[in-house]
Every structure is written in C-alpha cells, then in structure tokens.
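This report concerns only the one structure given below.
For reference, chains read A, B and C in written order, and residue numbers begin at 1 within each chain.
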Amino acid sequence: MDSPEAIQHFLGIDWEATWRDLALHYSSITWAFVLDIVVDYGVYLVSAFGLFILFAAGQYSLGHAGLVGIAAYSTAVMVVKFGVPFWLSLPLSGLAGLLAGIIYYYLLGARLSGFYLAIATFAVSEALVTLWLSTDYLGGALGMHGIPLASQWHTVLIVVAIVIFGLWRLQKSRFWLSFLAIRESPIVAGAMGVNVAGTRMLAWGIGGFITGIGGNLWAHRVTIIAPPEFSLNLTFILLLGVLLGGLRTFWGTVAGGAFVYFVPWLTTTDEPRYRLMLYGLTIVLVLVFRPGGLLPVGAPKKRTVEDLRRIAEQAAAPPGAKTGGD
Amino acid sequence: MTNVAVENQAEVAGHAVLTVDKLEVRYGPVVAATDVSLTVNRGEIVALLGPNGAGKTSVLKSIMGLVPPASGTVTFFDGTQTHQIARMETHDMARLGIANVPSAQVVLPRMTVEENLLVGALFLAPNTKIARGKVIELFDRFPILAARRKQFASSLSGGEQRQLAIARGLMSDPKLMLLDEPSLGLSPILLKSIFEMLQKINREDGVDILIVEQNVNKALEISDRAYVMRIGGIEFSGNSADVAEGERLKDAYLGS
Amino acid sequence: MTAGYFTELIFIGIATGALYAIVAIGFNLVFGTMNVLNLAHGATMMVGSYGLLLVFYVGLDNFWLAAIVGMVLATITGLMIERLTVRPLRGHWWNTKIATLGAAVFLENLVQVITNGHPQNVPRPFDPTYYAIFGSFEVSDFQVLLIVVSVGVMLGMVWFLKETKWGRAIRVLAQSPDIAKCIGININRITIIGFGISGALAGLAGILNAATFGSTYPFVGLLLGLKGIVVLIVAGIGNMRGALYVGMVLGVVETMAVGLGGSTYRDLVAYVAMVLILLVRPHGLFGEEGRVVREV
C-alpha cells in the first residue's frame, strides 16, 4: 500500500541513509579489527583482575590507575633503559607490582579503611602522575616510548589464560574465604581467628602482582606511555568492569570487562567522549537498580551471622583440619 | 509460646491507646520477635519484660518505625482518631504524639542541654517561640538540667542524660511515651528518682507509658500491667501485681 | 625575592585558598552531616560556570545575572543528584560514592560533547584594579572579593547551622538519625535542603573559579573538587571553621611552592598533605575521633 519512498521518508527520517551509515560502520569491522579489540580487552582484563582481588578483600581502592602506572613505568624502564626481553620482563613486572602492592598495604591498607582508604589511594594515584610528569628520567610529560609491540594476540591469550587459571585456583582456596571474611566484617573475622592484617597484605600483594603483569602487557601494547593516561578515567574504566561483574567471582569481571569493551562498539563510532558518558550513566543505573552487578548470579547472597561465622571458622582453621559441627 | 490475653477493665471498655497485633520484627533473615500482641490503655504504665535477647527492644523500635515491621499491625488512638502506624514514617508518628526515649545514644552529644531540649519541640510545635517556652517550663520541672543548661550533653552523667532524654520526650507534649531500658547504667538512687518521675508523668501529665525494662522489680512496681517476652515472643502477661507474685516470671528468665 | 613579592604571594595564596574553602564547605555540608560523599560536587561546580557562560552566549551581558543563573543551575544539578543517585542508595555509602562518581563522569563528558571540549573564555565581572600596599606589592580588588566572599560563606554557614531550624535539623541528623526521626525531622526533606544549599555553594565556587582564571573547561571540577576533599580531610570532616583556615593555608603553601619551585609541584602539596594527615591524624587537625566530627 505504501510506496517504498513513502516508507523511506517515514517520520521525515532518511532511513536509507541511516542504514547505509550503519552498514558502513559494520562492514568496516574486519576480523583483524575485532581481534584488535579482543586483545585490548585481554590486556585490560588482567589489570581489572588485580583490582578485583583488592575489592574482593574489602580494600576499596580508587587509585588503581596509579598501580597500573607503576607497573607500566617499571616495565618501560626495564625494557627501554636496560633492554630486558619481554618474556623476562613479565615476571619482573609482576614482582614490581607485588612490591608496590605491599608498600601500598603498609602505607595505607594497614591503617585506613573504607572512605579514607579510597580517597588516599586516589590521592596517591594523582600524586604519582604529578611525580612522573616532573621526572625527566622517566621522560617527563612526554613519557617513554620505544617499547616493543610484544603483546600479540597469542601472547596475551596465554598470559590471560594463566592468570585465569591462577584466579580459579585462588577462588577455590581457603585464602579466598579469608578475603570474603575480612571484607564482610573484619571484626568478626578477627575474632574468629582470621589473620586480618596478613590477609590484607596478601590481597595487596597478589593484586599488585597481577596488576604488575597487566601493566606490563599494557605497556607492550601501546608502546608509548605518558603520565596523563594513568588518572581518573583509567581508574574509572577499571572500576566499572569490576563493579558491573559483581564481587562474588572473577568471572564477573570477565563479563563486566566485556561490557565495557564491546558494547560501545556495537552502537557507534569510537568517540571516547560518548563512551564515557555511556559508562557514567551505566554505573548510576546499575547501582540504583542492581547493586550486586550485572550478572544474574551476581546478586549477593544474603549472609546470616551463621554464614559469616562458618566462613571465618573455615578460613581460620589450618588446612586439612575438621571444623566444628555446623 | 502462647499469648495469653488479659482481661482488663479498661481494655474491655475500649480505651486502648496503643494496640499491637501479631507484630513480627526481622533483621534480614533473622527473626527478632514474632506474633507479638500487646495493648496500652489510657492512663496506664505497661511494662515489657524479658531476658536479654528476648526481642523487647526490637519490638519497641518496630513500634516506633525505626525498624520496619515484617508483618502485623500497630494502632494508635490519639484521643480523637485512630491511626494505623505500623508502616508510618517515624517523624509522622512523632507528630501524632508518640515520644521515644532510646536506650543507647540517648542525647545529642554535641549540643547543649538547652538545645537538646529545644529540638525536642522545634520540629513539632507551631512556632519557635512556643518551643522556647516549653524549654523554660521543663527547666522548671528538672532543676538538675537547668543547672547545666549551657553544657554539652556529652558532659552529663548517665543519670542526667536519661533525665534529659525524658525531658526531651516531654517537650512534644506526647500522649504516649515509649522508653527503652531507662534504668540502664543507673545507680539505685537515680533509678528511684527516674522511676518516680515516670510515675509523675503518667499521673500528672496524663502520658501513657510503654516501658521496656531489664530491672524487673522496679518495672513491676510502677507499672499497671506487664508482658513478659522470651526468645522472640510473648510468654505471658497480666496485672503487674500478679506477675510479680507468680512463678512464671522466674521460669521465663531462667529458661528451661 | 623581596619581602614585597613574598607578601604578595601570601596574599594570592590566601585568595586561592579562599576558593578551596568554599568548595570544602559545600562538600562539608553534605558529607560531614549526612555522611554522603558527593563526588559529583566538582561536576556541579562546572555546571555553575557553564551556566554563567550560557547567559553570555545568549547575548545578555550582565555578569551578576549570569552568576545567579549559574548558581541556580548548579542548585538544580545538586538536587537532581540527590534525587537520582543519593536517595535510592541511602545507607550504602560505597554505592553512593560510585554512583555520584558515575554521575560526575556522565555530566563532564556530556558537557564535553556539547561544547566540543575546548576551554571556554569567561568574562570577568570587572577589570581588577590593583592597589599598591606596603610599597611594592599589589593586591587586586578581585582577590579581596574572593576572601570576603569565602569568609562570608563560612560565617553564613556557621550561623545557618547553629541558629536556624533547618540548620539544627541537619546537625541533629549528623549526630543521630534515629533521634532526628523521633523528634519529627523528615530526613528526606532535610537531605534535599542540604543538597540544594551544597549545590548553590558549588555553583558559587565554580563561578568564582571561572572568573579568577578567565576560563573554564568540562573537567575543571576534578582538580578543584579534589582540593576541596583534601581540605576537608586535613581540617577534619564536618568542621566548617577548620575548612576555612586549612583552605587558606593550603592556598598559601601551594602558591609558595609554585613561587619557589615551579608550577609542577603545585598539586603535589595537596596530595602530600593529605597522605600525611591520614597517616598521622586521620580525623583531621580540628577533628575528633570517629568519622563525623564537630559541625561548627
């Protein structure tokens, strides 16, 4: 009944042009392009995992970009100034991250919690940026360049797989229970015999180590690093991935990170400003309607006091010992 | 746990001021009290007793709306109208003439005694002048507080803080006052004076009182009727004189 | 470095610090009393400055009118933040913090998209006149204005909290939400009032900042907001007078650092100060133990 032209000009919108644009957008997506994004996602994921570990133990850090930056800069120094090969730099960066994490713990994690910890980590992160800007050895405002592009898809895949395996084992171990215990209620956990301080340090150490690797991969991916990259925007993107996925399991971060990386590409161009707008809006919506995260399984289980007690008991018991009757 | 209803003349005549019916209070999945029914009649002092953990404070908090009830109804009769207050906002309840005196965090520590009193009426009275007038009135009745009017409430002794909290409750000209363990931490002498004060408030100001108490003897002394709770429910109730004499009271506290 | 130059630096520092103080006081009202960390306070400041610009953009040339419009817009923003992110998440302080952060990111990038991101020039209310005092150093009347306004804001806030009905309500809420409810205070309504005032103050800070530098940009709220938080923490959360003093001291120390060492170290002062205080005396210089401290 309606002529094609009439349908076309329905509501005055030139649909044909719109389809043409979208088709162009999608057709310009080649497999190589997709692979690119997937690799970026993988690199991002590792650093996000580091943050996930911190959050899972109740160490709410708002300065993760700083930790990533430390990892990236130590990688850059190793590789560019001292010519360390990529495969060697990986574990070394991990160690650097581990060290940084422990320092963070002693400086901040051991004394502060909650709001103060969040603000302090943020301040440290921003302070680091200022520090890097004014350190000529590290290239000052121009940063460091010349890092080889070693993060190819196969490398990243292997590293991510190893990290995921490690996380999987960690989540099954009794350390994980300690993390949960000190996150839910440090006082109860302490009373039950969980070594709160030690567990915190462990969380910072492991989180730092993983972030160290993440930062290394990142440096080897972008090949040029400069101070302004390691500020609030990066922290926010990492935060978003972790929060969207919920804190129950690291697979949540996998899903959350996927959202952060892939959804914007579905909709429009690579305009970073739109993306951030979308992120900001998303996080508000998620928190208001689904504080447990996006995953259906992400909604936090209601824990009774009994559950907490049981978790703390299991965490505090030496491995292999039987816990008291439940 | 059975709920033994008490046949009380005033209750039969329908002068119930507060009626709680099958109230259930939960904190998340934990049930603090269940199937709680009680009444406070015009002119009465009613005591809610029971050992620690029986759920008395939860019931009181729930009546006041500080903890939303999981189920059940609470009805308040203010002299002219009956109100369903179970799901009402606490600040609206205050407007109806219900005053609440908590057991912990009794006063506003960083405000002066005078200001503590003032805010008791400031948000309920028609204007500030009237509220200030009431402050003067109450300082007359509570000379101990008047002596410390400019001091910060945190510097008062435990007994004085309780007095202040009760005085603050009176600021709003309430019809019903809920008190949570007013004897907590008080020496016997102070205890005596506080409880005498409560009796006075009940008789002279015509304020009906529901009091949760650990000090069983004192509570039974001044109250007309009592309900005894045990592990989240009402065990039994009756005239305070009868309850004091009976064996069931001891059983409820010592458990079996 | 002459004594005159030195004193001039101090004066500039005080003026800069005055601005930080206004930011901190606005923050304080909401955080110190309602335990809500409004991370969108910075973005609200930015909205204020852009509201200012908007008026000029439509052709009206009056700075004071523009300032009023800017403050109104900022107040509205503050109220919307309360309605959309704070109220639904009441009680979950962590979620609230992130949600307000999300709102901030959204707002800042929205403005960025709309205005194409370039810093915008902001007309000054009047050309500053410089007065030579004590011989060689100059102060401008604009700087004096800043100082006067910030002291005025602090005094106004103290008066509001101590003497007015709503101010008292806010203080009651800060000390005991339960008692507040029991004496008839409607917590929702108070929160709205608090956010409204806080928004207005944010707008004021944003406008003053824009007028000082002669320009504004979408992410101006980040740094300024962070400085405000630093002042709060160093002074002790909830303390208004302390916020004023600490703000000014911070401004002076910063300006000194710039004068002596160069502009790269300016922000470092704030960060170092904050970390130090957190390690040594977490409740702040004028604060007491426990999170929420003296309001006035």
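Details
Rule of thumb we're sticking to: contacts are C-beta pairs under 8 Å (C-beta built on N, C-alpha and C of every residue); 3 or more make two chains touch, one makes a residue touch a chain.
Quick caveat: nothing in here was measured; it's all calculated off a predicted structure.
If you tally contacting C-beta pairs for each pair of chains, A-C comes out on top. Relative to the centroid of every protein C-alpha atom shown, the closest chain centre, again from C-alpha atoms, is found for C.
Distance between chain centres (mean CA atoms), chain A to chain B: 52 Å.
Distance between chain centres (mean CA atoms), chain A to chain C: 31 Å. Taking each chain's centre as the average of its CA atoms, chain B and chain C sit 43 Å apart.
Looking at the complex, you find that chain C touches chain A at residues 37, 84-85, 88-89, 92-95, 97-99, 101-110, 112-113, 117, 222, 226, 229-230, 233, 264-265, 267-268, 270-272, 274-275, 278-279, 282, 291.
Against chain C, the residues of chain B that register as touching in their complex are 64-66, 89-91, 94-95, 99-100, 102, 105, 108-111, 115, 118-120, 122-124, 128, 168, 172. Remark: chain C residues 165, 168-169, 171-172, 175-176, 178-187, 294-295 touch chain B in the complex. By the touch criterion stated above, chain A contacts chain C in their complex at residues 60, 107-108, 111-112, 114-116, 118-120, 122-124, 126-127, 130-131, 133-134, 232, 236, 239, 243, 273-274, 276-277, 279-284, 287-288, 291.
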